[in-house]
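Quick one: structure below, then a few questions.
To keep things simple, chains are lettered A, B, C and D as they appear, and every chain counts its residues starting from 1.
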């Protein structure tokens, strides 16, 4: 049985992501799953480090808000951990009421303020006169409605279901294509096998010399490796020194990726490998196949060109 | 008189940043300032575009949460706007109560949930039994206390003052060195003069070809230009196409920066110039002085080497 | 009147090149020309340095033998000199006899040994039984025939004419497309005006660090400058230190070339500029026109994008 | 028994180089050697291709004259051949006379004109009044003296010995440090084992795109491979297309060299491998040892970091 920590409380998008990972058989250890909500992303990752959990399911990137820095920082600092799977969820909200309440009767709406910002247009169009009551999380908003302290909640489908509420509107979000990417983090081990549609992630620490980043980029570019994300972040320990979070297409068992990792290891003050895992879809140009060049080299070495 | 829109409501950190910019004489148009709070960062930038405001003061980067993506997106999309000044504020909270209330008597604490996450340790140590009441903003938390609906607020010094509250604790924040950088955005015009300690910011749109980013990095590195921030962001319009937000040390009137901008303009699908402005402190290695090389070149052209 | 030193003796290919430069009006100083043969390439260049000659006409590159290193060394060492014009001659030989002598009667052939190597196939086919008598130069071979010490000469058209000989065969050469490039060297002065079909030449001295040459190449490549020749040569003064002779398409007044020269000057241990001069034909891709990018930059600086 | 063709005639520097290679046990096939002079460098290489010879000993580079282009062209065109050994000879001449002749009695000097150019200063100082008689080769000059057709020869120590002449002066050369590098060329086979002081040589054919050479240089530089020679040469078949002759430090069995060769094979229109062979001395910075980075990578793959 896998014990999996996740950013709670129950009923949030993160729990929904974890359930989808399980349904898709993307959790490396098969068998039943025991879920344990935590009150922050760092706490979920810390549970993996302490051995309390086998894996942590945490959000890493949101198409509206950008990277989830507490997650990135948890991965970059402390003993090594590794990513084994990912899942991208469309973010959209459910407007939930107690059974039997009509939308027209809604006077108060409980909502996590971050969610409020994402459904503003919908509220203006549909509930222009309702008072907003802040809640501690998307799931807590549903709990407020269930407890009778608010008429409606901006919440998740999962929490609506769990608290036995009725759905007034589903799939509510102002910005189309809002998505959050979640990752499954565990202790270091052999990465999942190469599938041909994989992602590799690293954290580089570079000297603050003009050109050190261009050098690192060149190590990838010269091997035709497709970078899909880059984000700089000042390290907190030393002024003018940076960390870079990089995602690229390919697996540690792709020869160009292996070469590039070796090269970055030699060049950078530090490289932390965050894993290679399947993405399901290509997400960019896969690294080139170098079999023909390898055959050519082998023949030269053997003297049979 | 400059009309300046800012992310409201009154009493937030953004208003504090705007007051500091004014006190430091960093607003390009001297004279009195009329402030106008807006309910979002994009709304403040939109006020500049519509002509309702001369400038907008908005947060762009937070040392804990990272880039403020709604701000970056507002700068990258729509008609051009330009940055004229910046200010970095230490982020810390004030715990405020109504006059005469003792800390020991605090049973409920009003707080914006994002702020709650940043003072968690302080609360556990100092108010372990208080109930948290979510508020819509840091300033709204103070209003809740003033209105008698909460005993204490996690709020700003500015709001504490404005609502006539007493300070129980100041400078409260779990993570030391938490800072937010704010920028002053206006319509395109000639940048402020070069000071020798300047920042230039651009948004690049690149073809999704492996190597296109390495090429752009090389255009900067080869000219010894010190990159201080990079962040990729998928464009929403076209799959597999990216925007990159880049900050680097130097001014459009530094010869290496001018050369690099020209080169990026030629190379990239699009370059949006977000401005060159003084930072007050160097923030990295300034671009090299090329006077000697220019003199050498001039002599070659004149035939007087 | 221009005094022009050239690699003698009279009647060689170098004199033919000089006459062609004069006929094409490629000599910077108009008016009559006084020619002075020297006994080596370095001697011709030395005459420019000493002021005895205004210009030197010397071979610099041969399509069969490669670079003429004594010429390159003369340009790279000593006080600066500069190239003002170039001319490429098809290399082919004239087989010359005294008037009235039939080809069938030829028993001995005078030839400069370098020339012998270039007409070997012709000799086997046409004069298989003739004995070869070595001569000091192509012109000296004709003199031997005129003096009656050989029956035929492998020589130049110019020397055939000058010694009043008859032509048995013209345009003789084993390797088709054999060509020699000659340059006109003078004291440093303003280069000839940009024509749009120009060549620029430099000598770089680089630290023997892996990557220093790649860096210099990148300074050209990133500006889309077309390199048409590169040749490394160990410096004699310091072990493991190299000179590089580079030719590229463009003129010092092309903005990308000016930028690249400035950058190389900053980067390299030493850059010696050997001039920019018209080639008559493009000889490669001209450097990109950067007017549009310059206009864009100017507008940004003025705030009128 | 190895049959080895060399640039003749007997008594030249090339024969001396071949003898030194044999004495140093640098010929891959042990046992006796049968030498066969040819009348040109291309002829010696052609003998290897036709199977008439097992190896060819040919000059490839001279510190005064530069690359020996007929040798380079022979290696670059036609069926593949490979270099197995190299030897660098100090070039200096012997002034030889018939036994019993005093230096003061010398009136005529036989010399190969290329040699004449290299001992000009010595002649002016020592035999200012002697007449120069051109000879077909350095060895032929000695033969002229032996036959009584000249008083002295500018020749090699080997030819002096072979023709039973007396040495008037040895080690004669104007330019100190004149050296010629010779290589031993054979049919393709497994390269000699890595020694840690090796050279690898390739011929690249590149599209004439600005930047294609910089790209190839970067493939070497990024792997810290030390380039010791580069020379461009227009291909004769296609206008604006170039070959590049590159020598670098290292062996095909050095991991960085293997990686770079594979990368060049993928990038370039064509890569011809000319071999990896021991140089005896380092001749530059050896490629970096990448064992630690390889171990790191292996541990990541096994999940045992």
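By definition in this document, a residue touches a chain if its C-beta (ideal position, glycine included) is under 8 Å from a C-beta of that chain, and two chains touch if they have at least 3 such contacts.
Remember, it's a predicted structure, so these values are computed and weren't measured experimentally.
A.B. asks: Given that chain C and chain D are copies of one sequence and touch, is their interface built from the same residue numbers on both sides (over half shared) or different ones?
C.D. replies: Looking at both copies, the contact residues mostly coincide.
A.B. asks: Roughly how far is chain B from chain C, centre to centre by C-alpha average, rounded to an integer in Å?
C.D. replies: 59
A.B. asks: Distance from the CA centroid of chain B to that of chain D, rounded to the nearest Å?
C.D. replies: 63
A.B. asks: Round to the nearest whole Å and give the separation of the Cα centres of chain C and chain D.
C.D. replies: From the centre of chain C to the centre of chain D is 25 Å.
A.B. asks: Which residues of chain C are in contact with two or more other chains?
C.D. replies: Correct list: 215, 218, 222.
A.B. asks: Kindly provide every pair of chains that touch.
C.D. replies: All chain pairs meeting the touch criterion are A-B, A-D, B-C, C-D.
A.B. asks: For a test of understanding, state which residues of chain A touch chain D in their complex under the given definition.
C.D. replies: Listed in rising order, the residues are 80, 82, 188-191, 215, 218-219, 222-223, 252-253, 258-259, 261-263, 265-266, 273, 288, 290, 293-294, 296-297, 300-305.
A.B. asks: Across the complex, what residues on chain C touch chain D?
C.D. replies: Of all residues in chain C, those touching chain D are 40, 63-67, 69-70, 112-114, 116-117, 132-136, 177, 208, 210-211, 213-215, 217-218, 220-222, 224-234, 236, 240, 244, 284-285.
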